[in-house]
Structures are given as C-alpha cells and as structure tokens.
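Residue numbering begins at 1 within each chain, and the chains themselves are lettered A, B, C, D, E and F in the order written.
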Amino acid sequence: MSDVCLQAENLHLWRGDRHVLRGVGLTARAGEVLQVVGANGAGKTTLLRTLCGMIQPEEGRITWAGRDVREDLHAFHAQLAYLGHEAPLKAELTARENLRYWIGMRRRVSPAEIDRALEQTGAGAVRERLVRTMSAGQKRRVALAGLLLLSVPLWLLDEPTTNLDTEGQALVGRMIEEQVRAGGIVVAAVHHALMVAPERLKRLELSSP
Amino acid sequence: MMEFLEMGGYARYVWPSYALTFAVVILNVVWARRALARSREQARRRLAMQEEPT
Amino acid sequence: MSTSTVMQPAASSTSALTAARLVLERDLRLAFRKREQLVQPLAFFAIVTTLFPLSITPELSRLREIAPGVLWVAALLSSLLALEFLFRDDAQDGTLEQYALSGQSLTWLLFAKTAAHWLLTGLPLSLAAPFAAGALGAPASAWTGIVASVVLGTLALSLLGAIGAGLTLGVKRGGVLLSLLVLPLAMPILIFGSQATELAMKGASIAAPMYLLAALTVLGVTLAPIAAAAAVRISLE
Amino acid sequence: MAWTWFHRLASPPHVYRLAERLTPWFAWSSALLILAGLYGGLVLAPPDYQQGEGFRIIYVHAPSAWMSLMVYTVMAVAAAVGLIWRMKVAHAVAASCAPVGASFTLAALVTGSLWGRPMWGTYWEWDPRLTSELILLFLYLGYMGLRSATEDVQRADRASAVLAVVGVVNVPIIHYSVLWWNSLHQAPSVMKLDKPSMPLDMLVPLLLMLLGFTLYFVAILLMRLRGEVLSRERNASWVKEALSR
Amino acid sequence: MSTSTVMQPAASSTSALTAARLVLERDLRLAFRKREQLVQPLAFFAIVTTLFPLSITPELSRLREIAPGVLWVAALLSSLLALEFLFRDDAQDGTLEQYALSGQSLTWLLFAKTAAHWLLTGLPLSLAAPFAAGALGAPASAWTGIVASVVLGTLALSLLGAIGAGLTLGVKRGGVLLSLLVLPLAMPILIFGSQATELAMKGASIAAPMYLLAALTVLGVTLAPIAAAAAVRISLE
Amino acid sequence: MSDVCLQAENLHLWRGDRHVLRGVGLTARAGEVLQVVGANGAGKTTLLRTLCGMIQPEEGRITWAGRDVREDLHAFHAQLAYLGHEAPLKAELTARENLRYWIGMRRRVSPAEIDRALEQTGAGAVRERLVRTMSAGQKRRVALAGLLLLSVPLWLLDEPTTNLDTEGQALVGRMIEEQVRAGGIVVAAVHHALMVAPERLKRLELSSP
C-alpha cells in the first residue's frame, strides 16, 4: 500500500501569456492530506485540474503508483474523485437520482447506500428534492455524499468548504480524516485551514505569478 | 492600347476579375506581414514578463 | 462514517455497457421530466412547415413540388436547434467533466448521449414528417418512404452534429457557430434525403438515395463518437 | 537516420530559421512566374474563337480555384499530422492556411461569376461545381470561426484540427453528392471549354500562373508560419535570439 | 479606502438616456470583441439560402418563384436564433439582475439592448438579403425594395422577439420555446415581408405591405420594451 | 441621518411547499452591520433577495427611511447594492470595462476612480484582463471594487468572503467597517464571522424550516 502515491515533478503551464505553474512538484503518499495554499490567483485550481489530467501540462510529468498517468488515463481516473468550484449536479434531478447516475456510472451502488451517504453529509432531508430548489450549501452536501460513495483512494478537492455552515465545515474535516485513515490521499486547495488533526497535514504553498 | 483595355467588349468582366484577384494576392501579403509583426511583438512582451523578477 | 472501501474500487466497477445504459436512461428521464422538451422540436418543425405555404403560395399543386425540400430543410433546422444542447447542459453543470474523469470510455458515453438525443428528437420528427408532407400534398403511398428516409437522415445528422456540438462546447453562443460547422457537412444528407422523399412521392424506387443515406449513417456511427469524444476532451481542458 | 528530417521539421527553432531563409526565394520566383504568366495571358495569347477576349479571365480564375482546393488539402493534412503526432509545427501550418484558402475561394467564386455573366447570361447558377465551391467557402469560414472563438492556442489547434479532418472526409462526399443531385434534375453542366485541348500559347501562360500561385502560396505560408510558431513557443532562449534579428 | 460619498449618490447620478447609451455601447463593444458573432448570423443566412436550391431544384426559373418565401423564412430563422441570446448571457452572469436593481428604468435599458441587437443582426441581414435574392434569381432592380422591407421586418421582429426572449429567460433550453412563442406572432411580418419582396421582384409598387410593416414596427417600438421589461422582472424573481 | 433605516416586519414567503421565511422582522440603522446567520438552507439568500425587492414576500412589508419600498422601487434601488453568490461580471470584458458599464449606468464615474477602487481591493494587477481568464477570487475582488464605487448607503451581501484568501477576508471586514463608519448600513449573510469590530454587529439568526 505504500506505493499508492501521487507524484508530480516540475510542472510547467502557461495560460495565455501567464506562466501559471512554474516548476511545481509534489508528493502525496497514502494516509496524507496535502493542503494547497496560496493567494487568489496563485494557481490552485489550475494545479488540481492538471493533476487529474484535464489540462495537459506543457512540461513535467505526473505519476500515480509509480507510473506516468498518461500511460493509462482511464485506470487513473477510476482511482480519483475531483470536486471543483461547482457541484456536478443536474438541476432537474433529485439528489438521489443525481447520485444514482453519477456514481452508478463508475460502480454498482444500491439505493440504501445512497441514502446512507446523504444522511451522513446532512442532506438526508432533501434527498427527494430537485437540486434546482436547493440552497448553495445543500447542493454542496449532496456533492460530498457523492464523494463518499465513489470510494476511491485519491480525492482532489477545490475549496471543499465553500458555502457550508460551521457544522458542514467540521463534516468535511471528518470526511477527510476518515479517508486518510483508510489509506487514501487527499489533495485540497484551501483558504480556511481544514479541521483535520495536524500530524497528517502537508502544505504546498503556491506563490502568485 | 484602348483596344487592349476594352478586351473586345468584355472589359466589365475581365478587369474586375483581375483587380479582385490581385487585391487578394496583395492583401494576403499584407495580412501575413501584419500577423508576423504582431506575433513578434507578443513574444517580445512575453519575454519581458518572464524576465521580471518574481 | 461508512467503513471505507477505499482500496478496492475495481471490485464492483461498472461495465462500459452499463455505464452507457445509465447515461441513456438519465437523459431520457430528464427529457420526460420536462415534457416540453419533447414537444418543442416537433412544434418548431410544424411551424416551419407552415411558414412556407404562408410565404410562398397556398396552392397545393405548387406546394407539392417544393414539399420534399421544405420538409428536409425544416427537419434539418429543427434537429440543429436541438443539437446545441446535446452536451451544453452537461458541460455547464460539470457532468461532462465527471464523465471524462469516470474511468469509462468517453466515446461510449457520448454515443449513448447521442442515441438518447436521436430518440428524443429524430424519432418524433420521423413520425411527424409524413403528416407535414401530407399537408403539403404528398400522397399517402409515400408515407413509409418518407419515414424511412427521415429516420436515416436524422440519425446521420445527430451523429454528425455530435462532433459539432463537442467542438463548440467551449464557445459562448455556440449555437450559430454550430450551425455554421454542421450545415455544410450536412448538405449530402439533405440532398439524398430530399431525393428519396421526392422519389417516394412520385411512387418510384427510393433504393439509390437510401443506400447512400445508410452509408453515411454507418460512417457516422463508426467515426462520429470517436471524433466527438476527442472534441469534448479538448473543450474541457 | 531516415527520420531525422522529420524530427528537425518538428523543431520550432529549426522551422523558424528555415522559413526565414526560404521565404525570399519563393516570393521572388513566384513574382517572376506570375508576371510572365500575365504577359503571356493578356498579351501573347490569341483570343478564344468562341469566347473572344472574355476567356482571359481563366488566367486568374483557374489559379484561384486551384488555390482554394490545394490549400484546403494542405490544411487538412497538416491538421491530421498535428493531431496524430502532437506536432506543434503542423498545427501552425494548418492555422496559417485557412485565411489564404478562404480568400482565394472567394476570389474563385467572384471571378467565376463575373465570367459566368457573359458566358451563361447569369452571375450565378446552381451548378454542382459552383455549389461545392460555395460549400468549401463555408467550410473555411467554419474553421476560422472555430479558431477565433477558442482563446487558447493549443486548444484552438486541436479543436480546429478535428474539424479540418472531418471536413476533408466530407469534401469528396460533398463533391459527388452534388454531382448526383444535379444529374437527376438538370441537363449536363455548362461549364467546359468547347475544345478538346487548348493551343499551346494559351496553355503555357496558364501553367505559368498555376505554378506561380503555388509558389506564392508557399511564400505566404512560410511567413505566417513564423508568426504562428512564435506564438506557440515559450522557450525563451531561441525566441530571444530570433527576435533580435 | 476612499472617503465615502455614501450619503449623496443622487448628486452625480446618471440620466436614463446616458444609462441606455452605455448599455448600447457595451453590447456593441462585446460583439466587436468577438467578431465572429457579427459574421455568424450572416453565414447562417447564407447557408439556409443555399439549402433550398439543394433540396428543391437548382433551376433559376423555378427558384425565382419561391425566392421571396425562402428569403423571409431564412431571415426569420436567423434572427430567431440570435434572439435567444438577447438577454440570456446577461441573465446568467447577473448583469440583468443589476440592471433591475440599478434604479434606472428597465424599459429603457432593455430598449437599448434590443436596439443593439438589431444593429448587430438585423442590419447586416438587410444588407445581405439582396445578394441572397440575387442568387435565387431576383433582378437587380428589386434591391432597394428588398433592403427596405427586410429593414422594417427585422426591426419589428427584434422588438417582438424581445418580449419572447424575456418570457423564456427562466426556462432552460429556452431557444425552442422562444421560437414557438415568437413564430406565430411573427406571421404577419412574414406575410407582408414576402409580399413586399415579391412585388419588388415583379417591379410593382411595394407601398401597401410596407405601410403595414411600418405600422407593426411602430406598434412594436411603443409596446415591446414595456412588455419585455415586465417579462424580465418576472423571470428574475 | 437617523432616519436612514431599513426595516422589515413579519415577512412570510413560501417556495414550493416550503415556508421559508416565517415572520422574519429586522431593523438595521445607519452605522450598523446586521449579520444574517443560519444553517445551510435556513433562508439567508432568500431573505436578502426579498429585502432588495427582487422577490415579493407573500406577507409583511419592508420600509426604507420609513417609507414602504414598493411605493418607489426605483428610488430604493438607487440606494442599495446587492452582491449575490455570483459576481455580476461579463466574462468577455476586462475588469475596467465591466466596472465602467456597471457603475456608469448608475452614476458618473471616472477611469481614475475605477483604477483606485480596483487597487484598493487588490485587483489592480488584473484590471486590463478579461474576466473570463480570472480565478474565482480575482473575480470576487473586481465585484468588491464595484461595490465601493457604487457608493450607496445600503449593502446587501450574500457570503461576501466566498473564494477570498485570508487577506481578502480582512479586506471585506475593512470595507464593511468603513461603510458603517460613514453612516451606511450593511446586511450580510455569513457562515464565517466577519472581521469587524464587535460593537457595530447585530445578529439575526434564521432557523431551518
């Protein structure tokens, strides 16, 4: 299990004229939380999207369990969950249906499991409601339930506590602790410190370009 | 000379054709030069930005 | 919190076919939830077909001459209007991103989406076409021919359109650009389709244009999803 | 060993320098050829026995039409190479082609319809060849529209390359479908010179013009290529050197 | 931090006319920034016009008969496609909300937006219409008549469309619904417009249909912005 | 100046089957910050949108300076600025152009003023960039500059610190202090405590429906 490890070396990326990622390197091993911090515009979102293979870096490479992720992108994607600034939910479906289709595409999932996850993230009360009618924080909670259900080792989270109330922020902290305790890896872009026991935390500081 | 310019009565069709085609020929040269100049200018600015101490 | 199954995700992972089926089911369910989506292409088709008698001539004998053309132009435009949304909604709410990151073959998933799109627009259009043709003076004997040709034509069009929809995903107001990209490529469909309809209305054999339409469709089935997946990946970057 | 030329062609600094060096050669030789062709076509060639002086439009119409087709082919091949081997330079070539091709397509359409008026009595006729040329213009416009709508160069490269490749698959389909379409409706096309082959003094200037335009295209391509390569290249050292000149 | 002028905002407040001018300027600038937006309705119009000869007949003598109808249907459809975006972009990024909260008359602001929309789509379309008509066999003598009728027709259409665009704002995939709402109401425009074009092609006087088109336009100018403002307010809630 | 005062009495609002606002009342006087707090889905966003007149409450009334706002909605709107979950910026315009059109519609504003405001909110570096190319936090900062420029007495802010880094959160605190010191009123929906001196703060707690 010690070889489950996300590594990036010397990533370079330009957006327009802007050299956004300038030789970023990182290592995240099983059981670790990597906090990506940096001022607004430092490149946190860009880094996360590059790590999950959605943007091709112009230089540098990313390895998962020792192998370049480009060798088998499908297999790598099957191991990761990415949660961006917006929750990937369909406004016209209910919370349950959303999870059924989103998760079901990747693994077999039972309605009971879905309900359990929604309960855990405090979205049990809105499970039959259309996502369109939910408040910003309620949507986030449904997306977090999806994250739990995917049960993959690698989480890439972009400001996961956005729109959540205090209780919800604590929930995210607990979810992350649980994930690394089970041997997973969490890479999270954050502005507010995560509520996680400090011994597991690593920091990667991006400086503004 | 006049006879040449009249093109046997077809001048209305022949000369505009030639004019348009050579306008296209010349415009393409102009556009290409301008595009090259613009790219050089942009590259120069980019270099200047990279050399700024960060 | 659930006892974590973090390390064995592959155990119960979904097959490509199940994933595609889920995508199809989801899109159909979404459409039936908002039933107006089903009606709209049809209504648009009906309105465009009525515009012509209004703006050209109400005489049936002269309408009959232009009926195949009008029918096909209307069908083309109404599927085109719907095509814009083939991937757009899913791109906006991040669903497409999750598809690309699902570890499943994007080609298959997009193929399923395209199939759903055809079921929701092409099929109703095919069923409505003979009525429109009838209103423009086509004889009842031409119905099967018209339905068959519109089925093939809209299939080919949906597949072709999937590429265009993928390419214009990143573009704001992609709708008009999409039409610009797809319409020139759709001209053969239009030509063969209206030929088939014309022959059907005359009672002649429609085999020749139908073979060509079928060939286009087969070409589309094999190539379009791959190109569409490439296009979507590019626009997600 | 056999592949070294390919790798060198994939190297932006090499291409940039090569393009810089070759441009004047192509430019001047094409200018010479075109001037010679013009003189031959406008002065030396005798009037056509049917069309009179009107036929002289051929010396601008045929090269324009030829350019419109050749440039699209070059563009599509370059786009495919760029997609398959992820070659920046190939994408740069494809991007350089489109505006040139589109403008000559327009020229072919306009000169053709100017020619059509005295010959057929109308500026426009929905003839297969004409129609497919018009569709070609739309293809170019779509390509350029997609390019300019996509901000990021790399993304624009790959998106438009997909379109160019799909489009080229469709070009023969369009061509034949338009032929079949018309053959069912209408008498055979009007457009042919009513003689088996041209006399030499008409033909030679035409060939000179065709060759001249081709070389001219290469010159323009090389010039645009340099700009496109620069805009894709972030490697400061050679760019700085290239700019200092 | 700036010394606050919190309590006297009215002092330098913008007049309704200036606000409308700014809205107009902004929309034009946005369009010119993305120049393809200007070209695309034209290209679409051109493509739709070529679809007809392809699907009906290439013979000019027969095309000439249907030319007015084809021209107007193409014009109608291309402005309709563009109409969908009249308010949509601004609604999505919250601009429209700020307009409604600006303390300025929403009617004026939306009128300015509609004017910008016409300048960007209706005007180019009017200038392109004679070329399309020429390709379909219209004589050169009909050009002024065609331009004039298309100018009036697209004006009326933009105004009418503004109401529809406002009403369909809250609706996902409003495009098709918008067509449904607007097309039936646009029928008079289509009928008078194609009549005017037909008369112009025959060399007859186009006064009668032009008066009617002008009347529709005047009606639109006075009523449409008010209705559109009401519609937008409703969909913002 | 003591009569510049936002009051709401007994607001009731249903969304679908849901009784979201159940008799909410509030008073905010010149120089006061009213923090609207409550769990996810408690109705904070709904309340703010109702206060600025975008949603009509089914019962109850809202007064500004003692007069019912429905009497002259235009005049009321000219006195308020609302900043929702999304920054109201046009992706295809630069920061400067965005502010020029947004603010210019309401009051005369000079380019120098715009630049000054952008500088103050830390968006000076991106003022010539298209908003589309900005990071989430950079967009927020441009919107905050707009808020400054409007110079109206009443601010209605929905989670104004979303996407901002620590420095940006402090900036929002300073802006709010400045606003109330000048006699303005701020009503803000928040999850994280605002960085504002406590004596000016009032709390309105919404309970979940």
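Following the convention adopted for this analysis, a contact is a pair of C-beta atoms (placed from the backbone, for glycine too) under 8 Å apart; a residue touches a chain by one contact, two chains touch by 3 or more.
These numbers were taken from a predicted model, which means no experiment stands behind them.
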Exercise. Return the chains common to the contact lists of chain B and chain C.
Key: A, D
Exercise. If you tally contacting C-beta pairs, which comes out ahead, A-C or B-D? Let me know.
Key: A-C
Self-check item: Of all other chains, the one whose Cα centre sits farthest from chain D
Solution: F
Quiz item: Using mean CA coordinates as chain centres, what's the chain D-chain E distance in Å?
Solution: 36
Self-check item: Mean-CA-position distance for chain D and chain C (Å)
Solution: 33
Quiz item: Between chain B and chain F, what is the separation of their C-alpha centroids in Å?
Solution: 52
Quiz item: Using CA atom averages as chain centres, what separation in Å is found between chain D and chain F?
Solution: 57
Quiz item: Tell me, which residues of chain B touch at least two other chains?
Solution: 42, 46, 50
Practice problem: Would you mind listing the residues of chain D that make contact with two or more other chains? | Solution: 135, 138, 141, 145, 149, 151-152, 154, 178, 181, 234
Quiz item: So which stretches of chain C touch two or more other chains?
Solution: 34, 89, 172, 177, 180, 183-184, 187, 191, 237
Quiz item: Once bound in the complex, which stretches of chain D touch chain B?
Solution: 34, 42-43, 47, 52-54, 56-57, 60-61, 63-64, 99-100, 103-104, 106-107, 110-111, 114-115, 117-118, 216, 220, 223-224, 226-228, 230-231, 233-234, 236, 239-240, 243
Self-check item: Of all residues in chain C, those that touch chain D in their complex
Solution: 163, 167-168, 170-172, 174, 177, 180-181, 183-185, 187-188, 191-192, 195, 212, 216, 219, 223, 227, 230-231, 234-235, 237
Quiz item: Which residues, counting only chain E, touch chain D once they are in their complex?
Solution: 34-36, 39-40, 43, 46-47, 50, 53-54, 57-60, 63, 134-135
Quiz item: Can you list the chain A residues touching chain F in their complex?
Solution: 15-16, 38-41, 45, 85, 122, 126, 133-138, 140-141, 159, 162-169, 191-192
Practice problem: Report the residues of chain A in contact with chain C in the complex, numbered from low to high. | Solution: 1, 4, 52-56, 74-82, 84, 86-93, 97, 101-102, 104-108, 116-117, 120, 148, 150-153, 174-175, 178-179, 181-184
